[in-house]
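Think of it as A, B and C in the order they're written, each chain with its own count starting at 1.
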């Protein structure tokens, strides 16, 4: 049983456990401290949700240099009462006493952030997300390297000009991902699941050189019956450097509580539209499909040729690589560790960002929906099952409804877009549950020449 | 033996087979329909070429929701006689009768496209390919991330200006790949093999911000003796947004027939030059190598130092990754599924796009041919063996001939560029067959300071 | 025992060995030549350092076409005495006689280059490195795809303008990598190890559209006691297209000798500063942090909140993929084969470029040091252990010292940045040796709002 010493000089006894974890015991003043430690990744392998949640309450990790290399990774409560809990190697937490954080520990307070918890949100609160981002032709080129994107308005300045735009705008899903990515550190770093989207609207085109930032308003809160987590609804707005709104959408996520013992906030569940209605769709100023070049777009079928109920198999498949989904997700400055860190999940797999699946499926839908040029609205969306590198993703669509718009030659089609690892046109089993091979069920409006 | 029902309400009996395939049987009116189904990828695993070809004649896939999850993937002939064939699980096709496509099936006609077949081409026909593409500094940067490209004219605006150009043009092979990529949906989606190139000429530099599109003329057709496929020759032209030709080349591919029973078109084999002659080489307007900076280019050897017959081992090797070749191929909007879909080939491997091998080899050739700055012409090229991720690619060159040009200080060198997984300077075995480790044998003209 | 013939017609006897290697014997005039051959990669698998070094003395590889495929890969001494050595398959070199290079061999001199050796450097020599490079928004976007970079000055034009800059400059480490990459063919192609950095200073911001080139001066030389290698110190300067210095730094590498028998040059060891002193730090002209937007930057802690001795765990981890580190390293036009060629090292692994580790760690440090906006100086740096794909990299920092600057609102923080595969805050074992999981120990100055 090796020994070590803490920064404050206390002698510690250390027991090594499996996977690099360890238990420790030391005395600070007249308080006996003991705990259970390891790096984030080592702790991530522990199956007990509650134990892991406890550790996330703490805010600091430090090492100590004994005769051998043992790390001491006890964490000190930041905004908590200073209570310490003992986590034995058998994973059963036991409270061993209350004491205030010591000075030695306080100086170890880490300036890095591990995200908000359910009890950190307040109804009506506005969160200005960090890291404004200038998007350029570089992002446009990368979008084509990462996704088989071929919709002509976003591919060609000449095609876009022929449709009344000043040049080819930044891909609509690039705008979504960039705006979304900024919200991750404040909204979904401690999310258990990304539950849904609603009321998404693309309001203004984004041009190369524009700088995007994101602001979210907390519009709903509901604690889960377990008391261990809750659902947070936010309405996020993407703004350009002129403070014009370019995109807005609602999403809701299940977020862990830091302290299950904290009382629940009053429940507020926002009333959300099932779908963006036809009159709420914004058509980019100047858009005119009367001289639309169907040959250049690659598809002769137009708005009038698609009928509600019709389904389209987009045929092509893409096998996903780790490097690709990580580069994409990183490009959007999305920092959720499960996408990048193979040690973050107990199964050692990196989760593919759900937005990567959206972009892949949307790009694949070009084969059969090449004229569904621009996404105008996001009605709803569910990331049905997790997606991993090695999956071969395919897509199919169903026409839900159609509407005209006030712009010349421009119609709108409401589409269901499904990404799947399996066969097309199947979504749920006999019990109404999504099939395990289905990855995404998305409902959106696209603009199409009439 | 589970049951299901089709969209038209017919009851179907379904037998499940290996790898998710199945056989089905149902009755439409007084016609008994039976078949053999699965997704594209499941069918891809069947070894019998003919069986797979038959399935590709059909155009639609649909699902049905029974008590359990079975998919029905029968396909309805589009422009065929409506004949149905039965494919038993033992893979032996049997005709079971003729009947017209039913209405229920017709509404399932898919708007997605699976490419042209040999009998879809007519001599003299002009195909305007879809998806114009604006190329920018984004594509330039990605070219350097994907290939070890170091030729100075394409790397540096200052170097290019010193050579009489207004700035650094888009990489010549980027132009080739973008123009080529557009032709894939119309020319090579059902290609068995990409057989060759000829009469390729780079006519105008492409600048960041230019928008490229492609047009092909069918200049040759010859059915193979088997009657199952034929060779299609196309002359493809790349045009910029001012409708100026920037690139042209001939390529020929072996394309499957949809219906082996269809009569062959008259055979037309175009007369092609073995190589672009010296007087046909186009030197970019203004190019002037008299003040060429050999130090900045990284090579002291100039046009006069290279002699026909001389060979150069470019030494360096690059081990290919799936993510890299897919990102590159996608960037060129090349949609051939064998490059992206691990289930598309019976061996479960993704084929590296031949153009990726060309770009890798050309970039590696910088070490020894750093002054072969710009590609002026593509005389011929053969993708000798398939290339896969994991291969370590090397390159060597042989000087074939040299010529002067009318531009000041600019000479042209005709080079053989060979990409190989093995040793340099070996190409064929004693019987004249390409060695299995050789991947590419390319013949091109490059511009070099004299 | 098959036979072959060389280009000059001499008959050769060839013995095949393991891994595609072979021994050969032939007669040129009255001199019997024998040797041991294979491709670079085949030779790379031989464990005996000295044997491999001998082969690297030679400069050419050629093939011969016999009845079967055997390659002859003898190499001819370029600037050596013309001595030949025999390398038996048992790996014991034996001198078999002296003779001048023959004409037949001389014409096989390869124009490709395999880099400089220790004896090729002279004190005071200036090396103008090849391949000027225009950097654009394309490189900026790729930097964000390859690294989780979120520092706001480099992410947003609006943020940068608010800090007094004309727009967002190119990432400081992009500048470092581009300048460094150009030096590789001249400095480190035959390096055994990259030993250190000193006196690095970012002197001028680089803007999209600028063209960078590199020049190095040899400022130190010291042969190792073994006589087989030596240390080369170079001071490298990065220049823009107006010949303004944008970056300078010293690095030293251990480089193999071509000929261990050559006498050592006089030893010159430059006197280097342990760290760039506060008054040598250059703050970009116009930089003004008085109106700094802490919310947009993503961090409320400012210069006054960080104290020397304080450590920060940056928490997040990134698992490295082959495709990612290769794309990054290639983007910087770094040509060192160990990064790209899986056959270059005996263990078949590709070494991650040390600069990739620097960029990953620096990007991860955003979580806790988001306001350490711009790197001003590189004091020292050690690539402690090799990094490979599959490693999950984490980072932690320690505040070393702080200083004010003359720019309004701008302070400087000197930071230790450590990249590790393991736990934070541990660096060395009890004997003072770096722990095996530590990858990088970097010491730099960053500019931070006060």
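Following the convention adopted for this analysis, a residue touches a chain if its C-beta (ideal position, glycine included) is under 8 Å from a C-beta of that chain, and two chains touch if they have at least 3 such contacts.
Fair warning: this is a prediction, and the values are worked out from it, not measured in the lab.
Visitor: What's the contact topology between the chains, one of line, ring, star, complete, other?
Guide: complete
Visitor: Between subunit A and subunit C, two touching copies, which fits better, same or different residues at the interface, with half of the numbers shared as the threshold?
Guide: different
Visitor: Can you compute the centre-to-centre distance for subunit A and subunit C, using the mean CA position of each chain? Integer Å is fine.
Guide: Chain centroid spacing, subunit A to subunit C, equals 36 Å.
Visitor: Which residues of subunit C are in contact with two or more other chains?
Guide: Expected reply: 136-139, 141-142, 146, 321-324, 327.
Visitor: Inside the complex, what are the residues of subunit C that reach subunit A?
Guide: It comes out as residues 136-142, 144-148, 150, 152, 155-159, 168, 295-299, 301, 305-306, 310-319, 321-324, 327, 367-370, 392, 394, 422-426, 428-430, 435.
Visitor: Name, in rising order, each residue of subunit B that touches subunit A in their complex.
Guide: Contacts found on subunit B: 38-41, 60-63, 65-69, 71, 73, 107-108, 110-114, 128, 130-134, 136-139, 141-142, 146, 185, 208-209, 211, 213, 241, 321-324, 326-328, 330-331, 333, 335, 337, 340-344, 350.
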